[in-house]
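So that you can tell them apart, the chains are marked A, B, C and D in the order they are listed, and the count of residues begins at 1 in each.
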């Protein structure tokens, strides 16, 4: 297949590499051109504009950091809406708002193009290993056509229905459930801790049975050891962005999310205290303060 | 060892059986005598009173359903405080309030007795297999002395420190984290569902990675399939009891638990709607109603 | 009328004085006898026991600080249930839990006695002036019979129906609405304050129109001027007791109270930080901390 | 003075009328020209464009419904930023987000213009009577210069400091406190109601003392009588917009608003159920449902 790829950050580069290595032809575009050099050195074609990338093949993938970047690439001057051929497919693999995904679904349809939302689960090393989880939302035929690409980027796909907005919402909801798990752990650790239980002991209790899963092992450890004071894997500021995406999605489809509100408030407090660049499990620090422990 | 065992419900019976099968001598007592017959048929001695059970050996175990039952057995007329020999050990293995555990710690100490809190994780089949997780809180020597008993009842112990209240709080906190996980899932399923994603798909997304753990697999399935309308594993009413234990513990030690409040409110709504005897994941039904889905 | 009066704290003394001054005969009882001396010097009869007070007239009023005191006076040995004549009326004017009021309603009925709940709104000076607001719940004939007494203690009565529990719930609900108003103000002051608006200006804005009422004028001023750091009118610890009464009532009748939870959490934080004896508007201090302002 | 006035809705028309009647010269502009006819018939000059209005005098007032309208008028092609003379004053009297107010403050400053935020409290009849409460935020000299205009539109001004964002935040915070009061009342009415107290009785209790203010009298009555099922004074959808402004402002300045979240969730539920165009006190209907009352 011939594939255009826009957005060569750490995730995008790893994903484009996988597609290239599988024998597909890839044209890449990134606002900061330098980020394309590695992939280009491995055989990708360097496209000069969004439009050139859009016209390179039948499918153009975007892997962009936020709504602003995707809006600009898709709806800006010379953007995908204007340049993607009729019948062409735009696969958005970043995490974007339900509102923007809905808007692009309509706009691409009006332009005779096809829009697929396919956000991913997994960090850069997972992407490099082709082990992402890929959530797909879009017309069945278009999703089917992209399967060979998904197959080299991911370990598996999850069918979120024929509306692109579904995949976006599922990704956002999954992140929101994680935010809630972190806050719930923070509350549990505070309760156990003020009752005299060592953090390490409570961590073992949690993760021994019901919660023997990465979310609890990783974040439980960060909380038990106050690891959020060290290097951040995912910052409070980014976490707030994700949580806001969930609350906005909830507003769009009419779903109140009271537990997510609690996480948001802890993140706001952490950021207000100057901890926005710490790991988002710093919400445990706010929980501790609200418990008179700091 | 010679062990008194009070409380022969489904959990208690399975636990007493394990102790007996390991070669210890066991005297059993239950308010409803009939519940003792199986264990007695396997060799346990039937005690006529709490006091007789208390004087049978050096250790008396209670496995009672709630605070009222434990209060009565421990502090009532002829109860453990009055009948357990000086230096005797009372191991409370039910899930009890931090307030009662604190009170019994003091009362047993005043009576020259030793109190250990050792609540367990696991349902009756797990108890029957001797695979419980046992949280221990109490003086190191007393906990040490009970290890042979814990070893036959459980898969492992978790050291919650030398204060009995710690083990009680850790058990309660673990349950509270579960309540929060159920509510968070309920919110996630509502958000994904109203966005067009099938419950089964969102369940796979959740449990594929970050949340690949029993709590999410079991309760996620109940939510995705509305299984809470069928047989209840753990009722909303019992769930509310647990959640209240957490909030009461939080008040005792000074820890606000905002996420737990959210779960409590959903449980209250479910009970108010007449669903108190359904599985406590029925909180997802309330989340759905609040989302205009029912 | 001949009236027994139990509970001669600041409120009770003022209320008993009013009844006495209106020409009724009053027998008073208080656990700490000394507190009766003033009222006795003004003509009240000193009763030696609860039972003696109960048998003095057709009506016995209790004005006790909490559930424990009322339980003991009503249900203890020689208490009202045992000593009040058949057909006698017990009017409980303290603020008590819906659970206890419900229990006493049943117990008095079984004993052939009549129970009326009549909690009051107003502080001691208001009581001394006979200007209380009195919430009445109980059988119409009994409430009617007590009207001459209510008329000298209060400015007006509010008919909360024929179930004593109604008056208790209404009092508790009114207090809970106040707790929520304080927390809402705390949030508003934090938002305005961090945006550069002087507390005194925001106070004027609030109380100029929509919120031109004592609750906002009094507590808004305490928040704007951080007056909660000075003398406490009503402590955080007492506030928590009230808020807990509301949440317990909500549980009894099946009403989740999410805003009340928010107030409770702020009070818990304040108490955990050592501010339990400050005015309960100290919840604004916790709001400020959660906003990174302290 | 010579005043440009943009935005001739019900509020704007009443306000422009007041200025005109006080003898000032007024040029008016509205996207839908027809709305200007009444004011023009009373002597205002009809401006053909935003730019023409901006250049008419030293002060241009905008009274627009939302951020989108203000953004377009101020920052669009030929908008105020481009057309207002250097040193000219733009007074924004609508309720706008802290983010937009902050942006306009910077943008006007860069253009050598002065920006004042002066949102108002009061509905159209209050505006027609010149009895608005006006919150002012902006450079002292500019606010001073506008005082003659404020004096004819309002009963009084509230000094929210020299940053325009302060006045915007104070207005938003005041609205948010109202949302919280409505939700708190909803909770109180549910608690009292399910305990057997008539809504009319609880309304009297609330508004007799602590809460004897319009917010409680108006909205308490709507709740007690389920008046939210009739004509809407202020819809749930508009209420949600206001509540979102508060939460967004809280995020901008770092203030979590947990009580406001509760109101937002109730509004979302009401809207999800199809009640978006009912009075926003319909949140009491959601509270009732969550209490199993509907």
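Everything below uses one rule, namely that a residue touches a chain if its C-beta (ideal position, glycine included) is under 8 Å from a C-beta of that chain, and two chains touch if they have at least 3 such contacts.
Please read these numbers as outputs of a predicted model, since none were measured by experiment.
By residue number, over half of the contacts seen at B-D repeat in one listed pair from A-C, B-C or C-D, namely A-C.
Across A-D and A-B, it is A-B that has more C-beta pairs touching. Set against the Cα centre of subunit A, the chain with the most distant centre is C. Chain centres here are Cα means. That of subunit A falls 52 Å from that of subunit C. Between the CA-based centres of subunit A and subunit B the separation comes to 38 Å, rounded to the whole angstrom. Annotation for subunit B: residues touching 2 or more other chains are 250, 254-258, 262, 265, 269, 271-272, 290-292. Of all residues in subunit B, only 258, 265, 269, 271-274, 286, 289-293 touch subunit D in the complex they form.
Those residues of subunit A that touch subunit D in the complex are listed here as 240, 244, 250-251, 254-258, 261-262, 264-266, 268-269, 271-272.
Residues 98, 121-122, 133, 135, 137, 156, 158-163, 165-170, 172-174, 176-178, 180-181, 183-185, 187-192, 194-198, 201-202, 204-206, 208-216, 246, 249-250, 253-260, 262, 265, 290-292 of subunit D are the ones that touch subunit C when the two sit in their complex.
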